[in-house]
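The next block holds one structure in the form of structure tokens; read it before the comments.
Chain nomenclature is as follows: A, B, C and D, assigned in order of appearance, with residue numbering initiated at 1 for each chain independently.
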Amino acid sequence: MVKALNDGLRQALTDDPKVLLMGEDIGRLGGVFRVTDGLRKEFGDLRVVDTPLGEAGIVGAAIGLAMRGYRPVCELQFDGFVYPAANQIITQLAKLRHRSAGRISLPVVIRIPYGGGIGSIEHHSESPETYFAHTAGLKVVTCSTPHDAFHMIQQAVADDDPVVFLEPKRHYWTKGEVDSALPQPLEQAVIRRQGTDVTLIAYGPTVPVALEAAEAAAEEGRSVEVVDLRSLSPWDITTVRASVHRTGRAVVVHEAAFSHGFGAEVAARLQDEEFHFLEAPVVRVTGYDTPYPPSRLESDWLPGVDRILNAIDRSLSY
Amino acid sequence: MARTEPAPPETPPSDAPIQLLDPAGNLSTDDRLPLDLATVDLAALHRDMALTRRLDTEAIALQRQGELGLWPSLRGQEAAQVGAAHALRRQDMVFPTYREHGVAWCRGLDPVALLGLFRGTTLGGWDPYAHHFNLYTLVIGAQTLHAVGYAMGLHRDDSTGSGDPDRDTAVLAFLGDGALSEGETNEAFIWAAAQNLPVVFFCQNNQWAISAPYSVQSRIPAAQRAAGYGFPGIRVDGNDVLACLAATRRALHQARSGGGPTLIEAVTYRVNAHTTADDATRYRPAAETEDWAARDPLERLEAHLRSTGAVTDDHFTDLEQRERDLAEQLRAGCRELAEPNPASPFEYTYAQMPADLRQQLRAHLEFVSTGPQDGERQ
Amino acid sequence: MVKALNDGLRQALTDDPKVLLMGEDIGRLGGVFRVTDGLRKEFGDLRVVDTPLGEAGIVGAAIGLAMRGYRPVCELQFDGFVYPAANQIITQLAKLRHRSAGRISLPVVIRIPYGGGIGSIEHHSESPETYFAHTAGLKVVTCSTPHDAFHMIQQAVADDDPVVFLEPKRHYWTKGEVDSALPQPLEQAVIRRQGTDVTLIAYGPTVPVALEAAEAAAEEGRSVEVVDLRSLSPWDITTVRASVHRTGRAVVVHEAAFSHGFGAEVAARLQDEEFHFLEAPVVRVTGYDTPYPPSRLESDWLPGVDRILNAIDRSLSY
Amino acid sequence: MARTEPAPPETPPSDAPIQLLDPAGNLSTDDRLPLDLATVDLAALHRDMALTRRLDTEAIALQRQGELGLWPSLRGQEAAQVGAAHALRRQDMVFPTYREHGVAWCRGLDPVALLGLFRGTTLGGWDPYAHHFNLYTLVIGAQTLHAVGYAMGLHRDDSTGSGDPDRDTAVLAFLGDGALSEGETNEAFIWAAAQNLPVVFFCQNNQWAISAPYSVQSRIPAAQRAAGYGFPGIRVDGNDVLACLAATRRALHQARSGGGPTLIEAVTYRVNAHTTADDATRYRPAAETEDWAARDPLERLEAHLRSTGAVTDDHFTDLEQRERDLAEQLRAGCRELAEPNPASPFEYTYAQMPADLRQQLRAHLEFVSTGPQDGERQ
């Protein structure tokens, strides 16, 4: 996936001279995950900018650059280090189009390697998507395959709204085909696996886990449909509803904490809009309402195949 | 244990702010900041200061009449703002706080547009690109980083250092003394310094951040902050329009030529309360305010103009008429400001309205059109 | 309510010499809403501290003070100005107990005047509760009456965990009895009005609106129970479930945006735990998924009595 | 348009860092920073530096063996850390970053405790109050504000300026050169300056913030930052343990006496990569690293001790044994570090576990005990 993102960013830089990348360690080093490897050499230090160490500065400066006609793609180094930029993201980036009655357009992308499962230390495994998805004016997307990574990063750059682009870091080294001809609309969910008994809703880091669980469930004779949301704000409830309409059951999986995690919104919408079709409550399989634990505990703490299978059982038991 | 706040450390006697026009209206010169008076349109400076004050006075009146929810008065800061604004070229970009009505005026904004934000009909009110004057920013310090980013864009556009006066461009970012304490402001200084960006930070040190005297933020002059980052800081009498003009001209020129950032501290005073909602008598002595009133920036320039005969009487009579016209324009314009469309929040949240939001809008419009008006619910 | 908060803070300062207040303009001015009026005079400038203008500084310094044995009560001047402190709140304040395996205790209160409806300009009317409630390690509470304000602020100060204390600014001038003898446990919801047809769940600024709606519904012969949550993290689902168990129907009201607002969590929990008892979907009456509008639009934008009545109708139509 | 980053502005030739012990091990004096050698335990300094290095070396080895997930090496920074730490009094409070293993060692922490964070068995690992040494902070700059708050507490406790050596207390906050660019760090400076707080900021300018050379953050020496806020900054050779000791002693003394904050810039070098996960060859030339290796802080002190005969041979043989013991202690201790209890995240989120969380814990424990172990799901 790193390679697909790198290719996508190279393409974006090539296609539009106004695109530029900025962040800590993205130039000389190529990023701590090498997502921007080689790009500074190729496009120069004015387009691939090693910034000072200040996240508010990165996003704040990106806003100014966008006002001057640029399309900045910021990297915030880790999920746990986005908060110094919260003020610029929430009070400025998300709101300037609205504040200016549409006169100011801020095509800024904020790339964030996110999620757990790689044995990291504190602040390097978090899932902050709720903070962004709850903030009107931001788009929030996340990719789960190299193919999507390649296309979605380019679509995000081309989008005229600010996009928070969450990169599931534990799948950075996942390999997969990239069909450069077939992008899906950015905001559209994708059914990764078809099934008839229950709909499993996942995104980013939990999609492969959900597919694995679906596989395991199949061995027990359960037909699980897996929806990859891809876009979290806006999110494609149409695809989800259609699936749940067929299966009558839904399980949502994410790494973020349970309370006010994305699953809450999914459950709230489905219980409202599919009230008569749901045969069981929407079940959530998520991180717990604690800070992210030390890495020795993470594999149990994170929602894994077994917990998902339990949830499917529970859903089917109604 | 009757300890109180720690005693201020001994600070070196600070440079007195540079002054080119004293409170009595007499010119002086200062080697640190030369100004060729032949290049200065004194009448225009005076006119803009007077009209700015009138704008402010009218807005306060409109607030009292209930036409505005709030107004942050700039009274006392006209010299700082008009001086700085007169140093701008058309293409220079301004990032104001919420108090730069004088700069807005000089930038040619329709003054009525300034009222919308405080009347609650809009959150913006003008096109930031048309006048090269960004929207007001209410979050203290946030705009300083936007200024830095814009300046990074200028550098990438080859819009500095070309020698072409119509091409070379700088950014002028305004901030208050309180804003010096926000982390973001300091990050802006750091970025500007390290990248040698074409941005001028103009700090109106009006002595107060709401109820906090400057000593809560710092015990040394604001202009010295720049030294910590390695770029020049200059301290001028903010009630002296000539010093403000000269300092800003020089700093903008340096920025446009590729010479990097400057921090200007204009030492001035917020004569009125923080906003019309504030009660300054709760935290500062009347004597202080009176003391500063004696250093009024507008009277100072007027004294100069009258004593030197630099302008004719026509200037003053003409100005009186303009002031009356402006007041009338504001009074009428304020009441005529368009009410916002209930759909507008939905329309302007994203470039294209997402399907879900469209549905929310539909429900909302149905509610607005049938709901509250007739007192009946649908 | 301002008076009740002022009295509560005075009591807290009197009871424990380690309590101190800090924030912008809280001393000399007594706070922009006068909540701390007179306290600097009474307790001195070392205990009622006018800070520099920096929200990260306020919360960060409060953490250090708490580590030295103090119990700081911070004021962040408005809901829209909490974001510069987000990093200190989310990565430090919320997590230090966990990080230190319980060795560090941070009894810090963060008071925030919040919510809309007072005709203010941008950033002065927001409802950031989701950001905090989604952050494990923080408690989040809000009061809707002077009586609660008086007690809850003291309970928050006495609490050994960090508490985000949301003060509904549009009810600052509400008058009401304060019975100084009768505090309810901080984390317990209260039934403000009993009813049998539908449960209306509200907190802070929307409680009086909910009561008004219940009143209006009563005239149409509908018996509406109103629950005031008071605590948003943790929240008292036991009381809510018991009520919904009786009524079979629930409507949640808040000012924060719809998507990922508090109502999502309430709906998600209820559809799961009361699946067999819910006779209608949980309906949400909330702010919209837009930034807060200019004040001329706010009265329609905010959830009001009519929208609540519509929601009750909808719930009862199932 | 082959423009690149803007050229650095002409900066005045910066003060060379103060040095009291040169790279060859010769003593010198500097009027700006007197040090009475009679008060210095050279053998202890050397011992702590050598053991700190051994600790670091062992930890790197443990990481290579897969026993640690990561290790941020302090190699090259031993003089800065041990020098600073030796200036502390017991009651002084330290706020480290994640690299202050040398300070931790001098504060008497069990060195094995330092490994837990990087092994993933804990997020903390020690009692911050027992050793007056806070937990490591991974969010750059965040700890500087905690230091400021703690110092505010000291002021309120009457723990400065009493003249009682057991009572007067200061705070020592560590930070890197990169941390100078975070808004929060600058807010910490502002608060410390305005309130004249008993806090010393010790910046190890190791020239790099991961891959960013210092020039990305600033083009003037870090010590000058303090001038912008109005408190003293001092620049010392960070590979000279005596200069680091002397500067920190003086600054801490001043802080304890009520004289307010100081910023110390210790000019040093991160000899290894940022962490064991980093590859420094991608961004910096080997020649630079070699150049700095010649200024090794430990060799410098050793050369001095050997040439002056300030210690006996026993010192070195004894030290070798201690180093071996320490290595053994770390190797054994690391593997014996207790695995974290799956209940601990739940137990430590709040003082009292809320009912909902208790239910989550119950479900989790059931899952952990019956779920994954036997490959069967419940």
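By definition in this document, a contact is a pair of C-beta atoms (placed from the backbone, for glycine too) under 8 Å apart; a residue touches a chain by one contact, two chains touch by 3 or more.
These numbers were taken from a predicted model, which means no experiment stands behind them.
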The chain whose C-alpha centroid lies farthest from that of subunit A is chain B
If you average the CA atoms of subunit B and of subunit C, how far apart do the two points sit, in angstrom? 35
Between subunit C and subunit D, centroid-to-centroid distance (C-alpha), Å: 40
Roughly how far is subunit A from subunit C, going centre to centre by Cα mean, in whole Å? 30
Here the gap between subunit B and subunit D, centre to centre from mean Cα coordinates and rounded to Å, is 43
Using the touch definition from the top, which residues of subunit C touch two or more other chains? 46, 51-52, 54, 56-57, 80, 84, 87, 91, 98-99, 122-123, 136-137, 259, 288-291
Contacts with two or more other chains occur in subunit D at residues 3, 5, 122-123, 139, 155-156, 181-184, 187, 190, 194, 216-217, 344-345, 348-349, 356-357
How are the chains arranged in terms of who touches whom: line, ring, star, complete or other? complete
Show which residues of subunit B lie in contact with subunit C when the two form their complex. 3-5, 69-70, 117-123, 138-140, 178-179, 181-184, 209-212, 216-217, 277-278, 282-283, 339-340, 342, 344-346, 348-349, 356-357, 360-361, 364, 367-368, 371-372, 377-378
Which residues of subunit A touch subunit B in the complex? 20, 46, 51-52, 54, 56-57, 59-70, 72, 84, 87-88, 91-92, 96-105, 136-137, 139, 159-161, 187, 234-235, 237-238
For subunit C, which residues are in contact with subunit B within the complex? 24-25, 27-30, 32, 44-46, 50-54, 56-57, 80-81, 84, 119-123, 258-259, 288-291, 293-297, 299-301, 304-307, 309-310
Residues of subunit A that touch subunit C when the two form their complex: 56, 80, 83-84, 86-87, 90-91, 94-95, 98-99, 122-123, 130-131, 133-134, 136-137, 233, 256-257, 259-265, 267-268, 271-273, 275, 278, 280-284, 288-291, 318
For the complex, give me every residue of subunit D touching subunit C. 122-124, 127-129, 134-135, 137, 139, 142, 144-157, 183-184, 187-188, 190-191, 194, 344-345, 347-351, 354-357
